[in-house]
Amino acid sequence: MKVTVCRKEHFNAAHRLYNQEWNDERNDEVFGKCNLPNYHGHNYDLIVKVTGEIDPRTGFVMDTKVLKDIIREHIIEKFDHHNLNLDVEEFRTLNPTAENIAVISWDILRKKIPVSLELKVVLFETERNFVEYTGE
Amino acid sequence: MKVTVCRKEHFNAAHRLYNQEWNDERNDEVFGKCNLPNYHGHNYDLIVKVTGEIDPRTGFVMDTKVLKDIIREHIIEKFDHHNLNLDVEEFRTLNPTAENIAVISWDILRKKIPVSLELKVVLFETERNFVEYTGE
Amino acid sequence: MKVTVCRKEHFNAAHRLYNQEWNDERNDEVFGKCNLPNYHGHNYDLIVKVTGEIDPRTGFVMDTKVLKDIIREHIIEKFDHHNLNLDVEEFRTLNPTAENIAVISWDILRKKIPVSLELKVVLFETERNFVEYTGE
Amino acid sequence: MKVTVCRKEHFNAAHRLYNQEWNDERNDEVFGKCNLPNYHGHNYDLIVKVTGEIDPRTGFVMDTKVLKDIIREHIIEKFDHHNLNLDVEEFRTLNPTAENIAVISWDILRKKIPVSLELKVVLFETERNFVEYTGE
Amino acid sequence: MKVTVCRKEHFNAAHRLYNQEWNDERNDEVFGKCNLPNYHGHNYDLIVKVTGEIDPRTGFVMDTKVLKDIIREHIIEKFDHHNLNLDVEEFRTLNPTAENIAVISWDILRKKIPVSLELKVVLFETERNFVEYTGE
Amino acid sequence: MKVTVCRKEHFNAAHRLYNQEWNDERNDEVFGKCNLPNYHGHNYDLIVKVTGEIDPRTGFVMDTKVLKDIIREHIIEKFDHHNLNLDVEEFRTLNPTAENIAVISWDILRKKIPVSLELKVVLFETERNFVEYTGE
């Protein structure tokens, strides 16, 4: 009897999309206004989903307060009010697209969430653009 | 050609989280302010998802009006404007966490939805805390 | 040049609507299922709006972090995860309708917000039922 | 390492539900007010989800601008501000239920999205009624 | 001590925008795709706001259940699942723009809401296009 | 008979809050993490409200397509995917708080919206922080 518990957190960050190995023309062609040099930003929403058995003593798969604290300590502290390209080590050489932010977030959380629980993340860059990642 | 049809309903209920076999200190430690003795409450949103073949005569997998009526008769009537701990038989001895409310809702609906249809529920306790259950 | 700054906070609480001077029959007639004796609850959203001149040194009418802290200390701490009828002194004899919760919230905040700023509150009991109060 | 990229678009359309082979009485019985002869309408939201490997040069599974353009050219242009029953060839003989609109949308998009990417659609007819289709 | 009580209801309707005294060319020029002859439609949200004194016996300005019933009987029954141009008498000769739907709704409700209460309506045609009307 | 027509548009931008005349310590004290040197960002939503008489020929106070085009040309083009501090002339010396972005937006739009129409703007920096400005 497996239930998935989901927690939504958010962070506000600046970023810019470009490939450091390409020239400006090619970056403009591929990334358009997302490549503008002085950065733009988003209100990101991150939904973290963990799946496992209900503990019969608590009725919880995982206490959402504990899940919230893990997300805030390891993801929100790292990304919130920062420039993803300049301030976050993982994005020094990795393009901070929604896809890559989701993968990096999953990788960080996977080490902090008990291994008995499956992990999935959903990252909203805007209300209309979002990505899902399950680690597979 | 299987399609999933989803219907969202809502109910407003009071609850309190605690384990009857634990003392107050342990309940406070685990459940924090969710364990306060006079109850608190939520606007719950329940999404019910049924998956099956489209009936070529109607274009429906299941008429959402029928699905709505089933949810309202068997779940909303039972939970809405009630105290889950005191008024709902299933939670007399079962802690009314989001996980357990989802499982109980699924169990009730499973008996009312045609067996040819797969069933999944999503229960929002708040906009930021929600759970998913597929009966597996 | 007056600007209105708005901050949304939320709390989860239980309540029950009834007039202590009426008998059960009359309370049922007027309040229906909102009068059920074991309480129900809501995810309340409170929007606090303050109107005033922009401080040219900061660009703020009022720092939303300061406004957030005032709301959390004086309203959320008092109402969140509580039973409004039993736990909140103001509602011992006052029916905790959305209207009255808004008025009490405004009265509390009015003493904490600088008098140079106009104050308005909007209280959502559900997505479909909400009230507005300006102190007039 | 597969990531799912999602894009939400919307269209406003009129429709009416009925089975051309049934008489009025039977159509009323099955479709109720959705069968009213002069049509009604909806603000439809369509979420298109594509799953595949991240291109290491761009950090994209698929550029959401490209995905947006495909949806707008092949779905939105066809459905938006139209009467689904009268103006859209696919629904001349097929009942434009949410289920069938999702299947038709998937079929159209499947031909326009690279075959290396899995495709799923979610169609909201209202905030409370929506369907999901994966082509299986 | 005046409080404003707000209730949100919704209806799904078809409509088409055009001026019967203009030729097709002029209608196309002014109304664009909103003038397409076979109608399109929307999920309309109507927020009705009534302002008045709190009744000290109930804590209500107006019972939202009563307000809901008035809106459903006089507005939703009339507009929901209908074609505004063809089925609603008021729009036989009046263009069913969001502005005019708001004014007609206000006029209808004004006769049903106690005169001691101020009345305001907000009508959402889409999430991005909405109008407000206070009768002034 | 005055109606208010509202249109919501959005832009994604980077910004940083600080007073150029203050030292780092004082800026940190007042603006906290909003003052981090490499910028952060938001998905801003801008609601523009215009109030005036309904034109009896069209049923419009103002065509929302025209209003949308004005907002996009004069506000969205200027702010979207830009760094407000570095790329937008008005914020070279003016702190880009929500308050100041609202005032600048209103000033720009006031020159483009017919003088017969009253103008109000609402700017959402996040779902929980927003400001309103009427030019008064």
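Residue numbering begins at 1 within each chain, and the chains themselves are lettered A, B, C, D, E and F in the order written.
Simple rule for what comes next: contacts are C-beta pairs under 8 Å (C-beta built on N, C-alpha and C of every residue); 3 or more make two chains touch, one makes a residue touch a chain.
All of these numbers come straight from a predicted model, not from anything done at the bench.
Least step count on the touch graph, chain A to chain E: 2.
Listed here as common contacts of chain A and chain F: no chain. At the interface between chain E and chain F, two copies of one sequence, fewer than half of the residue numbers in use are shared by both copies.
Farthest from chain E, judged by the mean position of CA atoms in each chain, is A.
Of all the chains, the one whose CA centre sits at the greatest distance from that of chain D is C. With centres set at the average Cα position, the gap from chain D to chain F is 34 Å. Once the centre of each chain is set as its mean CA position, chain C and chain E turn out to be 28 Å apart. Residue numbers of chain D whose C-beta contacts span two or more other chains: 127. By the document's touch criterion, interfaces exist between A-B, A-D, A-F, B-C, B-D, C-E, C-F, D-E, E-F.
Interface residues of chain E, counted against chain F in their complex, comprise 17, 19, 30-32, 94-100, 102-103, 127-134, 136.
Put simply, chain D touches chain A in their complex at residues 1-9, 49, 54, 57-61, 63-65. By the touch criterion stated above, chain C contacts chain B in their complex at residues 10, 12-15, 33-34, 36, 38-43, 80-83, 86-87, 126-127.
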